[in-house]
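I'd like to ask some things about the structure below.
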Amino acid sequence: MTYSIAVSGASGYAGGEVLRLLAGHPEVEIGAVTAHSSAGERLGSVQPHLLSLADRVLVDTTAENLAGHDVVFLALPHGASAEIAAQLGEDTIVIDAAADHRLESASDWEKFYGSAHQGTWPYGLPELPGQRARLAEARRIAVPGCYPTTVMLGLAPGLAAGLLQPTDIVIVAATGTSGAGKALKPHLLSAEVIGGMSPYGVGGVHRHTPEIEQGLGHAAGVPVQVSFTPTLAPMPRGILATSTAKITPGTTEAQLRAAYREHYDGEAFVHLLPEGQWPATKQVVGSNHVTVQLVIDEHAGRAVVISAADNLTKGTAGGAVQSMNIALGLEETTGLNLLGVSP
Amino acid sequence: MTYSIAVSGASGYAGGEVLRLLAGHPEVEIGAVTAHSSAGERLGSVQPHLLSLADRVLVDTTAENLAGHDVVFLALPHGASAEIAAQLGEDTIVIDAAADHRLESASDWEKFYGSAHQGTWPYGLPELPGQRARLAEARRIAVPGCYPTTVMLGLAPGLAAGLLQPTDIVIVAATGTSGAGKALKPHLLSAEVIGGMSPYGVGGVHRHTPEIEQGLGHAAGVPVQVSFTPTLAPMPRGILATSTAKITPGTTEAQLRAAYREHYDGEAFVHLLPEGQWPATKQVVGSNHVTVQLVIDEHAGRAVVISAADNLTKGTAGGAVQSMNIALGLEETTGLNLLGVSP
Amino acid sequence: MTYSIAVSGASGYAGGEVLRLLAGHPEVEIGAVTAHSSAGERLGSVQPHLLSLADRVLVDTTAENLAGHDVVFLALPHGASAEIAAQLGEDTIVIDAAADHRLESASDWEKFYGSAHQGTWPYGLPELPGQRARLAEARRIAVPGCYPTTVMLGLAPGLAAGLLQPTDIVIVAATGTSGAGKALKPHLLSAEVIGGMSPYGVGGVHRHTPEIEQGLGHAAGVPVQVSFTPTLAPMPRGILATSTAKITPGTTEAQLRAAYREHYDGEAFVHLLPEGQWPATKQVVGSNHVTVQLVIDEHAGRAVVISAADNLTKGTAGGAVQSMNIALGLEETTGLNLLGVSP
Amino acid sequence: MTYSIAVSGASGYAGGEVLRLLAGHPEVEIGAVTAHSSAGERLGSVQPHLLSLADRVLVDTTAENLAGHDVVFLALPHGASAEIAAQLGEDTIVIDAAADHRLESASDWEKFYGSAHQGTWPYGLPELPGQRARLAEARRIAVPGCYPTTVMLGLAPGLAAGLLQPTDIVIVAATGTSGAGKALKPHLLSAEVIGGMSPYGVGGVHRHTPEIEQGLGHAAGVPVQVSFTPTLAPMPRGILATSTAKITPGTTEAQLRAAYREHYDGEAFVHLLPEGQWPATKQVVGSNHVTVQLVIDEHAGRAVVISAADNLTKGTAGGAVQSMNIALGLEETTGLNLLGVSP
């Protein structure tokens, strides 16, 4: 059976990546591709790399245009998805790449996004405990943020095993600039970015902070508190997260490694690397894979976990397609058997 | 039926790219992966992005290890392939990514490579006139150079149609640094490359010059003479070729465009873009696609053709897999339905 | 004596570079710094690298604010300078980084810029024959375009010596993205630029084409005709120009080299490199230097000249300061003794 | 008076940067420039950006060649400087960019460098308490490591004021690849680096860890313990350090800011940015400046301090020249009035 798929926000980076993956997915047929200001244009003019879809014409992002498909991907600015989803049939699988339905806490939502909370949808990160089963039943799915995906896959196993302490976690992550979308902002101009690193959202104000704490809190079974600092790196894609947590007294590196190995046993996309080999974003660029490595720094009393993912693939569109596969009852890796493009 | 494939030079960029593509090819099984100094290592330690093949162990590059497969890819320094190929069965399809068997002229070979000519094999660029049929029968295939692939796909249709003049063609091309392989040379260090452009092989001395003239000569039906200047760009992959040729008097842009459209009609991988849209390497990075655009500059009396390809994919490994598909009688696009990874 | 200097367009790349150089110039005092939409802001907030000038406040770009200085730099969009200059005293040295007063041909101006020609000012490229003397008397100076500077310094000596033919010159150049200014255009976003090369203005339509032909025509003493293709490289600064011209029959490389050596004898900023060494943009980034190398490709019957410059320094602000020094009667290199920042 | 200067290791990145700065220093004359395998070559062939010094010839790195200068810069691999320094007169100012004489603890030296400790020299970071006076008397100076410079300038004021807690400091820093020198290692090839981020020396094993703890310990007056993770960014130069420390209970951001403002009052090269503006490496590339910003994350109970420096300038050669100026009794900023090259 072939499923029909609509993709909104098809002119942006997230929507374009969804289309790149769906174009190689054997069980789907791409239906409506929608946009806002680019409606009426050829897809090829705004996403010139999608050569096999170049002659598709973008239509307006309306519930009418998105209706009638088995699956609808929403790759819109936050605030738009609840209203559109409400107009789509309950049987339609709606997969939202925006933040709207990720947070469980209405007060966190209001504090970080400044608008009314729209409710919570099943969370599209099947590698977290319990999530895969929930996604199999889901008809509404909230795709995790790119930082939360990368960070949580790095820290969840150690917290779930009780080997890492849930308070005073410190995370510093570097992202490629596609994470900011196609926004026309001066600091994203290539002349500003190439050759330099810069921080942003310093001091706990990045919106992914509560999402990270929420997901890790579920893994740990207790509240988790993080210091999270994102930085902008001169690369188009990829996130490298350096996460450190105090170890539970007596924890050995062998124990910690065993917990990760067990947690990711059987997972197709998360790879605990062999000892001594470290994650790097180019291992995973363009793919749905995530690489993870850990070490215990006895001197500092902290475990350091490095994790690498592609913010647009596993961090957005790949995670979305993986969740779709689960919700449709397909093999989870369908259409996602892509390796990183390196060098 | 599943074909067994051996890949030599699997620790290098070309070999790694062949493996990346074969890992997603539905009709093949990867057999021996061989290397020289890395023999004995896990593939994952030298090609960390090939996560699904990480536990394969590299074996020595010997005819013994390569024998017994349906297809053998040679991704070795030039000079090694003739001897190895001679030891493989005549029914084995041998696909050589090195230069050894590309040139028809022994004197050109000797002049540019300084060793004895080893003969000529069918040339793995099916989009050139007559090549596809030859490849269908071939058991030995010479993969074109990355610059010749990009340049010839840009100029062949106009020359074949007699609309471009075969003498005084000027080509300037920019390549990503993977084109130089993993050679440990100071000028390839990232600190030297990032943030700058530099030329090399200026003055007609680049080894791809006679190969370009040979292929274009076949397309034109008369000898072709080019001035070719390659430059090194601060990017890992991709070639952007700017090729200019004098137009045959009276030629209009509409005529030229029609010739290209006809030439590439039905081709899966070469795309004449809509008027006004220009090739860029990021349209095709990681894919087997090539984009082409042309214009006539009346003031200068020249046509300018821009073509973009990924030097490692269509320019090496993708062209090799495409040729393999033809030689095996498979659908030509099998395993190559990948779009460019962008942004 | 200390000269007072005003800089308009101080929030842009050209204006910022003028200020970077003037901040290290021992004979000047920076007066008014003006901008349009950023007026009222601290300079440090829009040009955070100008740390020693961070607390200066940008004022509106008006003739009133610019008046009363010995020298006024105009780094404004084209079309604005004639009117402002008319309001400044005739003794004020006005140095215009915009295109308005570069072209001598009113019809070329109208064809390429689509507005009324505003007249021609002395051209700020002292290394062209006769220009230095003109600049010594000038009170109005048109700073050359970045491409023309780089290309003309590469080709002028050979044309002036009659060793290169003036027709059918082919130029392909790669520029860093600061050449496009701080314009908020999608194709300049870092995610679009990093990792790729793209062409623009193909087919003789780039506005620097007539400027190149004008300057080279003066050098050659006869009209010059070029095919010029600019490309965008993933770097912030720098231009690498590959220029090829047919040689006058019988010309040897030694003759050509001698002509260049003689032409640049005594020049502080233009360097004919030793034979075998090639220009690269990183040799000159952040400096007022230009490197040049040449070769004759006998097979193609063409000389190939490579030249490298920093589009913002020698290509704009450095050339402007050099011209100012000449007009003020200062040592030409004052404040410009900076070497390239490399790696 | 003009001082004569010798520079060893002139073929490397650190030596080249020393020469770039000295070439613009008004009080010095560059004498011997020495190298190891490049001895006998023109400086222009190994450091093509040093155009004004291109015709200097590199001589062997021997005490004989270095003797007879007022100042000798050692930019050699660690392990070589003690022996050479011993052969230079006691009045010669010897400035060592290697690590040999930075650490006070012989056991730390042996643990991290695996050889015998060679003693400790005055430490070339005048912005640390007490260091400027020591440098004024010094005839042997150990230039700090690039990470320690960047990190210590970020954390020292808060620790010295007792507002940050000295234990459980977490630092994650990104460096440009020139930090690794010109070593021909596969992971430094541009194709590997461009487009990606990777960590190295994870788990407290980087050699700059004890140096950071030593310097911060002096500032705090008590032992300091850090978790330090360096990462490699796709840029040639620059370090961005994200340093977090727990605040002493009751500390307000205003108090912390006041302590930094006071600490850096009168410093020419260290800039506490205005509130809300953040350091970025491009603010300081090519310059001796350092930018710093801080915030208190109440939720996490930590201060986050960001600092940015150029690893080759303030982090190595600029700090070395600044120290030389102090030791010679020159104005500290002589020859260092360079602003960052941006964009």
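When the chains are written out, they are named A, B, C and D in that same order, and each has its own residue count from 1.
Simple rule for what comes next: a residue touches a chain if its C-beta (ideal position, glycine included) is under 8 Å from a C-beta of that chain, and two chains touch if they have at least 3 such contacts.
Heads up on the chains, UniProt names are A, B, C, D = N-acetyl-gamma-glutamyl-phosphate reductase.
The model shown is predicted, which means the values in this text are computed figures rather than measured ones.
A.B. asks: Would you mind telling me which chain pair, A-B or A-D, is linked by more contacting C-beta pairs?
C.D. replies: Looking at A-B and A-D side by side, A-D shows more C-beta contacts.
A.B. asks: Could you work out how far the Cα centre of chain A sits from that of chain C, in whole Å?
C.D. replies: Roughly 45 Å separates the two chain centres.
A.B. asks: Compute the distance, rounded to whole Å, between the mean C-alpha positions of chain A and chain D.
C.D. replies: Chain centres of chain A and chain D, defined by C-alpha means, are spaced 38 Å apart.
A.B. asks: Can you list the residues of chain A that touch 2 or more other chains?
C.D. replies: Correct list: 13, 178, 189, 191-192, 194-195, 234-237, 280, 282, 285, 342-343.
A.B. asks: If each protein chain is taken as a node and each touching pair as an edge, is the resulting graph a line, ring, star, complete or other?
C.D. replies: complete
A.B. asks: Using the touch rule from the top, collect the residues of chain C that touch chain B in their complex.
C.D. replies: 168, 170, 172, 174, 189, 191-192, 194-200, 202-204, 209, 225-227, 229, 231, 233-238, 240, 242, 244, 246, 278-282, 285, 293, 295-302, 304, 306, 308, 342-343
A.B. asks: Which of the residues in chain D end up touching chain B in this complex?
C.D. replies: Residue list for chain D touching chain B: 13, 176-178, 180, 182, 184-186, 188-195, 234-237.
A.B. asks: Which residues of chain B touch chain A in the complex?
C.D. replies: Counting only chain B, the residues touching chain A are 13, 16, 20, 23-24, 42, 44-45, 47-52, 54, 178, 194-195, 236-237, 271, 273-274, 277, 280, 282-287, 289, 291, 337-343.
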